[in-house]
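To keep things clear, I will list the structure first and then write my remarks on it.
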Amino acid sequence: MDLVQTLIDATALGVLYALVAMGIGLIFGVMRLVNFAQGELIAVGAYTLFVTKQYPETVRVVAAISVVVVLGLVMELIYRPLRRATAATMLVATFAVSFLLQNALLLIFGPQGESIEFLPELNQAIGLGELRVRWITMVSIVLGGAILAAMSWLLARTSIGLQMRAAAADFRTAQILGVRAGHVIRMAFLIGGLLTAVVSVLLAVQRPLATPTYGFLVLVPALVGVVVGGLRRLVPATLGGFTIGFATVVLNDLLPSGSRVFLNSLLFGIVIVVLLVHPDGLFTGRARVEERV
Amino acid sequence: MSEPLLALEGLFVDYVGVPAVRDVTLGVGAGEIVGLVGPNGAGKSTTLLSIMGVQRPASGDVRLDGRSIVGESPDVIARRGIGLVPEGRHIFPEFSVAENMKLGTLGRPDDASEVDIEWVESLFPVVSHFGSRPAGALSGGQQQQVAIARALVGAPRVLLLDEPSLGLAPKLVETLFETLSVVRGRGVAILLVEQRARLTVSFADRTHVMRNGELVETLGPEDAGDIERMRHAYFG
Amino acid sequence: MRMLRRWWPLIAPSLLIVAISVVSQLASAAAQRQILSVLVTAAIVVALYVFIGNSGVISFGHVSFVAVGALTAGLATAPADVKPTTFPDLLPILAELEIGNIPSLLLAAVVGGLFALLTGIPLMRLSGLSAGIATFAVLIVTNNVFRNWEAIGPGAKTLSLIPQTTGFIQATIGLILVMAIAFAHQLSPPGRRLRATREDALVAGSSGIDVHRERLWAFTLSGVLAGFGGGLLVHLLGSITTDQVFLDLTFITLAMLVVGGVGSLWGALLGALTIAGLNSVLAEATRGITIGSLDLELPGGIRLLVLGLLMLLVLLLKPAGLTNSRELRWPFR
């Protein structure tokens, strides 16, 4: 059945985007900084997998995750002087880091793209009744879902989770109570890095060509999803990421093939409308009641 | 006479480029309640915020137990033993009361012995009664209790309160001040910023009046009945 | 004398621009092209500043106004006999249109302004990141439409044979004109009211300033200027593709503004001059130049890398930009 097929694929992509969104949301929550360079973590992960082609799969995965996490922590270091900067400065700075990394990748690997060849057999589909579902789709949904659940647990039940939530809700009060700003921010980058690393690995299976803009192409819709969902709170942000991923697949399948080129116009047109009605985010439960200034 | 537990000396603090606190010198000793009153915008909140490290003083010193704490970040100051109940309470409305309290324990000095949770719970029964409920569901008075309890589980030696009686009914204010007396009895130094001048003056060991960022007068409990003197201090 | 002092933040940079143009006459043809591109880019950055600098709201979508202006001016001046062959689906009115240089620039400005007005009416209610994303969405949609709707846009093809009328005179006058309008705006009551909202929109709103209206005015004005800049751009390059007025230009112009100092006209200009200047130096270095006794030759891709690195460094060391968001002051008593 076409609709169910579409929904399954949409869910898989939605889950991946949700993980990216969560990484962005975590960092924004504790630091009020939108890390544009988060996308480059995905690209770096992809290229790491490429570079380690001759090694066994487990080694490749460990290498990719390690490199991404370390790079994430390096970013935290770079962004430290920006903690008191204006939103505009932060935006352009993270944009600059993203730009920098993209060009570094371009310089090292060239623009033509490299074939990653990571677990390509997962792209095969198995038949489930009338459906043909790829292994990677199922792995994405299951693994991604498990990670989202684990994150929920971490945030709700651990001290560090509580501290991150508190810092995101009211940074100043959290500090007054004793939450260590530096520690919490580092953890956000660490966890964000891990989440993004997982996305990178899962994505490498189904998008086997690594290019310098590999990550940026994922970041943009994910970021849009975060803002549309509700940037200030983690759950809405994650849901927003999921929604954009989901919507992209659904809209793509709904559009007549001739009009598919206009997918972005449709998607972003919807984004504008949603933001006008719910400037705080779709899932924060607050429609525009009074004049927002 | 040795230096009080909390000592402010020649404190100057700017707020949005304007001097908000000017040459403030005061001290709070262990087991003392010192009041700080004055009209709106006088600089009282800014004083507390700068003690807590949220705002950096332009000049002057803040010392805890003889040791300067200027320039430290708020979480470090919290762990040194200063607790702040900020204006408006700033409890986390979506977190449960228990989670709010758990956050408070983060401010425990690293070398502190076990926090006397039972004592705090005996002072503020709401904490255990409403443990699992979202803090935002509580009434104003109950939230105030949570806010103070939360600061107390950080085992502070100095407690700063910014207008804790704001929005509370008179009976609750009475209970609040009684509770503060109990806390004082434990040897905690309390610096109380308040709008209710007369009540504070009659209750605190001494009360400073702040106007336009400067300390203009110091009143004792015996001055509480002297309306003329109070009015003069307030309005000049 | 007081007039001089008051207008100095405009006069001084204008004199600088004229000086640059004059000195450039001595440079090589290649260098001259670089400098012209710097001047035109500066005009776009100043247009960006008119809105972002005064309102404090970040717009990622301004390059769509540049795009609209560029395509309007381009389509309006490309030879009418050639257009139908390369762009068969183009609307007849656009295919047959062929007007002069100045009218095309004016048309670009008007169309840019109209587009800004139309998108601004709903969007100016938003603030912060919502505004950023919404304006970014405008950019994406505009690009998507021009790239795929061949009735009004060039599609994936290059629109060429556009008269290259942007020489030093047009670039210099154009840039100074844009700066003058920008400066006049920030001195005017609407401009000052808008700046008041920048610090604290809530306070400004309650003191009677109609935030939405002031923002819309600045947004539209900056759309006019950006469209005009697009016209200048297209008459410099002689051709245009949709990619040239999309993400790279957005990033570069925004970075120029922030590095220079987002809150001042001088910041916008200095940022543009500095980064574009640096870009050119690096471009030359990758071809091999001699500085004093140093022979410098850098591998090709390094240019953008160094640029990005330098921008980052400036931001980390001077978060308010090179000019600290301040204007040039009259230096004498």
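Which chain is which? They are A, B and C, in the order written, and residues in each are numbered from 1.
The rule is simple: contacts are C-beta pairs under 8 Å (C-beta built on N, C-alpha and C of every residue); 3 or more make two chains touch, one makes a residue touch a chain.
Every value quoted in this text rests on a predicted model; they were computed, and no experiment measured them.
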Category of the chain touch graph - line, ring, star, complete, other: line
Chains most often in contact, by C-beta pairs: A-C
Closest chain to global C-alpha mean, per-chain Cα centroids: A
Centre distance in Å when chain A and chain C are each reduced to the mean of their C-alpha atoms: 31
Centre distance in Å when chain A and chain B are each reduced to the mean of their C-alpha atoms: 42
Chain B and chain C: spacing of chain centres that average the CA atoms, whole Å: 52
Contacts with two or more other chains, residues of chain A listed in rising order: none
Contacting residues of chain C [partner chain A, same complex]: 52, 56, 58, 122-123, 125-130, 132-134, 136-138, 140-141, 144-145, 147-148, 197, 201-202, 205, 211, 251, 254-255, 258-259, 262, 299, 301-302, 304-305, 308-309, 311-312, 315-317, 319-321
In the complex with chain A, residue positions of chain B that touch it: 52, 54, 73-75, 78-79, 84, 86, 90, 92, 94-95, 99, 102-108, 150-151, 154
Chain A - residues contacting chain C, complex: 34, 78, 81-82, 84-89, 91-93, 95-97, 99-100, 103-104, 106-107, 223-224, 227-228, 231, 261-262, 264-265, 268-269, 271-272, 275-276, 279-280, 288, 291-293
For the chain A and chain B complex, residues of the former touching the latter: 159, 162-163, 165-166, 169-170, 172-181
